[in-house]
Structures are given as C-alpha cells and as structure tokens.
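Given below, in the form of structure tokens, are the structures.
Here chain A shows up in two complexes: once beside chain B, once beside chain C.
Coming up: the complex of A and B.
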C-alpha cells in the first residue's frame, strides 16, 4: 500500500462533480426503499426482490465497474500512469493500492447504502440486511479485482465489463443455466442465501463452491493486473 | 504625444466562395456519423460499435432462419418489440458511442477551435444529436429490415399487414433513436472523464429500467394496472413503447402501458420535451465550453 497513490486516486475519483455521480446511484436505491416503506409495500418478498435486483444485480456491478476501471483506466489512457510507474514502487503495490481504493469506494457507495436500504425495508427481520451487506461486500471485492484487471488489459475495459455484467450475467443467465452459475452475482447471492433465513433468496451455486470461486477470481484478477502492469505498453492518448 | 498609425502589412482577404451554413452542418454531421462507428479512426475504435451491431443482427437472423426451417410464421419476432427485447445492447452501444461524440472535444478543450470558425453553436449541437440519432436508427432499423425482408423471402402470410407493421415499426425506431440519443448525449456531455461517460449513460438506463420494473412488479401484484402503466413513462424504452402501442397500433412489449390514446399523447409529449430539453441543455453546455 502506498498512501500517496491512494490519495491521488481518491482525488481523481471523487474530485469535482464525480462524487455526485457516485452518490446519485445509491440515492435512487434509498429513495425507492423509503417510498416502499412509507407506502407499506415492504413485505419480505418485495424487500428481497429490491435488494437483490436493484442492490446486488444493478447497483453493485455498475459501481464496481465505475470504481474498478476508474481507478486505473483513465491514467493508462492518457499516459499519466508513467509518472507512477517510473517511481521505485513495486508494481504489485500500485495494483494493490488501486484495488484497495476501488474496494473502499464500492464499500462506501454500494455496501453501506444496501445496509441502510435493508434496515429501512426490513429492520432486522430474518437477518436480511446484514446478509445482503456481506454478500454485496464480497461480490464487490471480486468485481473490483476483475474490473481493475480488465482496465489494465484493455482500453475497452468499460464496454467489456458492461457486456459481462449486463449481457452475460443478466441476459444469458435467464436462458442458459450454465452461464448463470458462472457469474460473480450468483456467487455473492449464494453467500447471502447462506446468511439469511428469508426464503425468497435462492441461489443456484453451493456455498463452498461460491466462496472458492470468489476467492479464486479475486486472486486471479489481482495477480493478472500486477503481472500485466509489469510490461505495460503505453501508447499516446487517442 | 505619439501618433499611432495602422500599417497595411499585406494580409490577404478570403474572397473565394463561402459554402454557407448548410455545408457546415452537413460536414459536422457526416464527421460525427463516421465517428459514431469509428470510421476514419484506428481499428481499436471500430471493434466495439461493429461488434454490438453484429450482436444486434443475430436475433433477427436467427428468427428468420427459424421461420425458414420450421415454416411457422409466428416464430418471426415482432418488428416493434425488437428494440425493447435488445434494449441492453442498444444501451451499451449508446453508452460507448455517446461519449465519443459528446465528451471528446470537451475533454481535450478543443471546442473553442470549432467556434472560432463560422460554426453556429446550435448547428454544432444539432449535427451531433442528428448524427447519434442516425447511428442508433441504423443500429435498430437494419435488423428490423432484415426481419421484414426475411419474412418476405420465406413467404410469411398477410403481406400487406406485415408492410404496415414494418413501416410503423420504422417510425418507432426513429423515435427510439432520437429519444435515446438525446438522453445519452446530455449525460455524456456532463461527464467528460474517460470511462465515466460510459458508466454514467448506462447507469441512467439501467437504474431507470430496474426502478420501473420493480414498481411495476409491485403494482401488478396488487392489480393496480393503471399505476403500472403510468410509471412506465420513467424508463426511456418503456416510454417509447407506450407511443408505439397507443399511437402506432403495435402490441405492447413493455410490462404495462397506460390506457387510451391519452397515454400515448402524454408519452409523445414527454418524448418531445426530452428531445427539445436535451438540445437546449447541450446548447448551453457547448456554448459555455466554447468560451474558455
């Protein structure tokens, strides 16, 4: 971990009006939760549906994508990464710092809102709020690692990430059960499923498999990013 | 006291032909349409738009193939539902390409270079919105045309009705294109940082559609179909589908649409407001950027 890189990255991610964009996404979830609570539409099925479809399947991938690719992608694109790479700092430290920043951002803008939304909707019934919080957190770590690696590997990282998160996990998941099992979202859902007694939360992956895959994907993403950053071809900006 | 004089140091005036406003508009438009597909740029910029366009064509081609093999006319996808079914792909295309048109000049602070030439602020914005609209229209209308032509070739019955539905769907495609392009361009113009624009555009579409779907799910469960229909106005794809259903005689592809012709008129008015509002916002945005 390198404090200076972390501070610079935080400033790039949150500076000017960018923090507002990051804040706007979870705000929609919170407003929705409050409205549902006020209009008395917060039974356990609806709550699980909101937390799962909005929190886990939409908010989390979007925020992880913004944070994961945003911490390193723009710097590589405009060549500023050279100023970091030419300092005597090990590449894995750079990657780990960037990844840590991404995870902190996901935790602040996705995990905390999901917890708040869960408490607004359900209080402590069936342990749903903490369960979804843990699920979103572990999913967020895995997503961040994958998207940081993607941002180092490709300049089209955001689009590829979107294709993965929206087309592979959501669209194909509905048609092909195989694709459904091979998605971070389902593994995170499996963690949620194990932690809550609420019956509407069902996942297709067993817990031990899910945890193993989450750990494996996170580790693979981090290692790949560190490895690729050792020999990064820096072209001029488009 | 000094007397100042103006020396003629021999600058020459331009007294060739002036091509005028239409020429400026057309040049900007053509440039932006090409940019939307990455034409005239390195291969790296072409990969994503063409990949997404190919993905858009797949279901249409598959559907035609199924009709040709099984001879069952109802296996052909409905023309008007195509954009709704493939909304994720369209949204990703818009998200990747709208920043190319709307944020690149802002990011590199080159907008003043345009406006130091005889380019009107409004023309600049109109050309960009028109170009994005054209690109989206091509993206949606080409697969729909493939469906229609495939239907003709495989001799799907009732060809006059098919033609009517096809033409109505083309109008629907145009409306989809202009509404989506307006929203996408505005969002992209306010997020010039690389990658942020893409994420912001997709976030607007995904959050609105998920939000609406959840509300609709609850409303349908309580058999409150009116609320379920009206809330559809808040998701862009659902909004245009309301116009298609209520004013163009299509079957509904969204979860629910508001009742009567009135619902369609409200939706159409909202579409017009979105488009005009977006042009006004973009006009102000680029005007301000042009002053720096």
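Coming up: the complex of A and C.
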C-alpha cells in the first residue's frame, strides 16, 4: 500500500461531481426503505426483495463498477498514470492500493447504505441486516478486484462491466440457471443466505463453493491487474 | 557518467514499423532528437522511458535494462508530451506527492527545490488545472527533477510554448546539462534543436537518418539541391543569365515563373540578386519550393 497514491486517488474520486454520482443510488435505496417503513410495507418478503434486488443486484455492481474502474481507468486513459509508473514502486503495490481505495469506496457507498437500509426495514429480525451487509461487502471486494483488472486490461472497461453486471448477471440469470450460478451476485447471495434465517433469501450456490469462487476471482483479478500493469503500454499523444 | 544505450531497437505495431533498427548512445549533455511529426520520436522516447517494450533490440541505462525495471526511475526523469497532470492538485501538492512517491528522505525540501528550479514558486499554491501551457510544462519538468535524476527525457517540451517560455525552458535545460546531466529532448523544429543541443540524432520514418553535432546536421540539410520558385520582370532573360552563371543545375520556364534547381544553396541565394541586377531583370519573388521539413528529411533518408 502507498499512502500517497491512496490520497491522490481518493481526491480524484471524491472531488468534482463524481461524489454526487456515487451518492445518488444509496440515497434512493435509503429513501425507498424509509418510505416502505413509514407506509408499513416492510414485511420480510418485501424487505428481502429490496435488499437483494436493489442493494445486492443493482447498487452493489454499479457502485463497484464506478469505483473499481474509476480508481485507475481515467488515469490510464489520459496518461496521468505515467506520473505513478515513473517511480520506483512495485506495480503490485500500485494495484493493491487502487483496489483498497475502490473497496473503501464500495464500503462507504454500498455496504453502509445497505446496512442502514436493512436496519430501517427489519431492525434485527432474522439477522437480515447484518447478513446482507456481510454479503454486499464480500461481493464488493470481488467486484472491485474484477473491475480494477478490467480497467487495466481494456479501455472499454465500463461498457464491458455494465454488460456483465446487467446482461449476464441479471438478465441471463433469469433465463439460464447455469449463468445465474456463475455470477458474483449469486456467490454473495450464498453468503447472505448462510447468515440469515429469513426464508425468502435463497441462493443457487453452496456456501463453500461460493466462498472459494469469491476468493479465486478476487485473487485472479488482483494478480491479472498487477501483471498487466507491469507491461502497460502507455499510448503516446499521437 | 550516465549513459543510455540503444542497440538495434525496433518497434512495430502489427504491420506498421514505428521504429526501425536504431542504435545510439546518449551521454551527458543535451542531445536533440530531431524528426518530422510521426517519425517515431515519441515511440522511441517511450521505449527509453520504459513505457513500451522494444519489439526487438535492447535499451539500457548504464547496463541496467529499462523495460520492466521500476528501479531505474531513481536515476531517470521523464517529461511526457501529454498535458494531463493531476488538475485538481496545486502545483506544490503535485510535486510533493511525486517526491513522496520517490520515497525521498525529505520530500518537502525536495519539492521546494524542484519548484524553485523551474521558477514556479509564485504559482505553487494554484491548481494545475488553471495553469497555462507553459506553466504546466514547467511543473511537469519539476515533477521529473524532484529526485535529482542524472538522466532526463523530454518529449516535445517546447510544444505550445510562447517565445519567452521557450527561452526560459532552454535556459533551464542548459543549466541542467551544465550540472553534468544526460538530457534528451525531442523536437520537430531544427532551430530549437540547433540552439540547445550539442549533439543531434535525426529520426525519419522510424529510421536513424543522421547523427552528429549541429554543424554537421546543418550542412547535411543545406548542402542538397534546392528548388526555388522565381518570378521576375523578364523570366526568359533571367533564366539565361542563371544558367550562364552556373550556380543552378537546371532552370525550367513555366507560366508561373522559373523553377530553378540550385546546386549550392548559399551560393545561389547570394548570387541570384547580382545576376538579376547585371541582367537588368527585376526580381518579384524568390521562394524555396521544397523547404518543408519533410522534404529536408526525405533528402536525408535518400542520401
């Protein structure tokens, strides 16, 4: 980890208008939860639905996409990464720092809102709020690693990431159960499932398999990003 | 002594060869990398800076390989051509961050020194996003100098600078070189290179076209057949006089005037007014027809 890189990355991510963008979705989730609670529509099925569909399946991948690609993608695109790469710093330190910043952002803008929303909706019933919090956190780590790697590998990281999160995980998952099991979302859901006694939460993947896959994807993403950054061709201005 | 050595360096992108078998040694002092736009100067500098792997050949700094060796950045400073710096930081924050990334023992002092060196102290607490082009260039220079590297690579440092900024930067580069640093900068403008570099490497279409001090390069560039367009009050009589005088190899009479191929640039430009006066012809226009840098360079390549 490198504190200087972390500070610059946080400033780049939270400065300007991007911070507002990061705040929009969690705010919607919180407002929705409060409205459901006030109108007494917060039974366990609806709560689980909101936390799973909105929190885990929408808010989390989108924020992880913004954070994961945002911590390094723009810097590579406009060549600023040169100022970091021309320093005697091992590449894996750069990647790990960027990943850590992405995870902290995901924690702040997805994990904490999901916890708050869970408490607003269900209090401590069935351990649902903490279960979803842990699930979103472990999913967030894996998503961040994948999207950071994607941002180092491709200039079209955001598009590819969106296609993966929306088309593969959400849409295809509805039609093809096989595709559903091969998604970070389902693995994270499996963790949630194991932690809560609430019956509406059902995962298609067994917990040990899910944990193994989450760890594998996180490690693979990090290694790939570090390896690729070692030989990143920085395009010239021409 | 610090020496950057290139041996048989080539770089291609698919079927396109950007840099073709270049070998050279860059030692202390100022070396100018001269070539027209698109000649492969940036590609070459990127390879020297460790941002691009040579497709073949090797580049080393005092024997240590440059590619995939972040440790060389302790002795290498690079000023990229692109303007992008961290716009949201102030100049001082930016340079301080660079000093910290280098893990210098006293980053604050190093940053102060580098900022003073490029005379940016007066704007150090302003955001880089609000800097002018020349100021950005100087703060980029400070970022490359903060760790006091013996080798400095500058990609088109004078691009977009006004004449005063240009002079200041030239002055700074000269001072750096006087301290014994190895400095290489690229440019497509002969005059810039000539005023600053003691040694010039010419790159044309990815090839190493010439190498030497500026007098040698200047001679190579001027001692070639020059073509001039001449309009006068009596083209036909002038054509006869020019041919008789012997300073031109051929003269062609066209409806736009005369196309003269001079044998010797200096002699011709010096003699033409005399010849026309003696022949009692008034000159209306004398313009070089092939003075574009590209034609100069293509002559060098064909040579």
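The rule we apply is simple: the second predicted complex is superposed on the first by the 235 of 238 C-alpha atoms of A that agree within 3 Å, B and C clash if a C-alpha of one lies under 4 Å from a C-alpha of the other, contacts with A are read in each partner's own complex, and residues count from 1 in each chain.
Basically, a residue touches a chain if its C-beta (ideal position, glycine included) is under 8 Å from a C-beta of that chain, and two chains touch if they have at least 3 such contacts.
Computed from a prediction, not measured in an experiment: that's the story for all the values here.
A.B. asks: Looking at the superposed three-chain arrangement on chain A, would you call chain B and chain C a clash or a fit?
C.D. replies: Aligned through their shared chain, the two binders fit side by side on chain A.
A.B. asks: Determine, under the contact definition given at the top, whether A:155 touches first (chain B), second (chain C), both, or neither.
C.D. replies: The answer is first: A:155 touches chain B but not chain C.
A.B. asks: Which partner chains sit in contact with A:69 here, chain B, chain C, both or neither? Use first/second/both/neither.
C.D. replies: first
A.B. asks: According to the stated criteria, A:25 is in contact with first (chain B), second (chain C), both, or neither; which is it?
C.D. replies: After superposition on chain A, A:25 lies in contact with chain B alone.
A.B. asks: Touching A:89 in the superposition: chain B (first), chain C (second), both, neither?
C.D. replies: second
A.B. asks: With both complexes overlaid on chain A, does A:51 touch chain B (first), chain C (second), both or neither?
C.D. replies: A:51 contacts neither chain B nor chain C.
A.B. asks: Quick one: classify A:78 as touching chain B (first), chain C (second), both or neither.
C.D. replies: Both partners, chain B and chain C.
A.B. asks: Identify the partner contact of A:5: answer first if only chain B is touched, second if only chain C is, both if each is, neither if none is.
C.D. replies: Second partner only, chain C.
A.B. asks: Look at A:188 in the shared chain and tell me whether it touches chain B only, chain C only, both, or neither; answer first, second, both or neither.
C.D. replies: A:188: touches no partner chain.
A.B. asks: Once both structures are aligned on chain A, how many angstrom separate the closest C-alpha atoms of chain B and chain C?
C.D. replies: 10
A.B. asks: Just to be sure I follow: which residues of chain A are touched by chain B in one complex and then by chain C in the other one?
C.D. replies: 78, 238
A.B. asks: For the complex, give me every residue of chain B touching chain A.
C.D. replies: For this pair, the touching residues of chain B are 44-45, 47-48, 88-89, 91-92, 95-96, 190-191, 193-196, 198-200, 202-203, 206-207, 210-211, 213-214, 217-218.
A.B. asks: Give the list of chain A residues in touch with chain C in this complex.
C.D. replies: My answer: residues 2-5, 7-8, 11-12, 15-16, 78-80, 82-91, 230-234, 236-238.
A.B. asks: What residues on chain A touch chain B, complex-wise?
C.D. replies: 17-18, 21, 24-25, 28, 32, 36, 41, 46, 49-50, 53-54, 57-59, 62, 65-66, 69-70, 73-74, 77-78, 155-159, 162-163, 166-167, 170-171, 238
A.B. asks: Going by the contact rule at the top, pick out the chain C residues touching chain A in the complex.
C.D. replies: Residues 37-38, 42-43, 46, 49-53, 68, 70-74, 76-78, 80-82, 84-86, 88-89, 97-98, 100-103, 143-144, 155.
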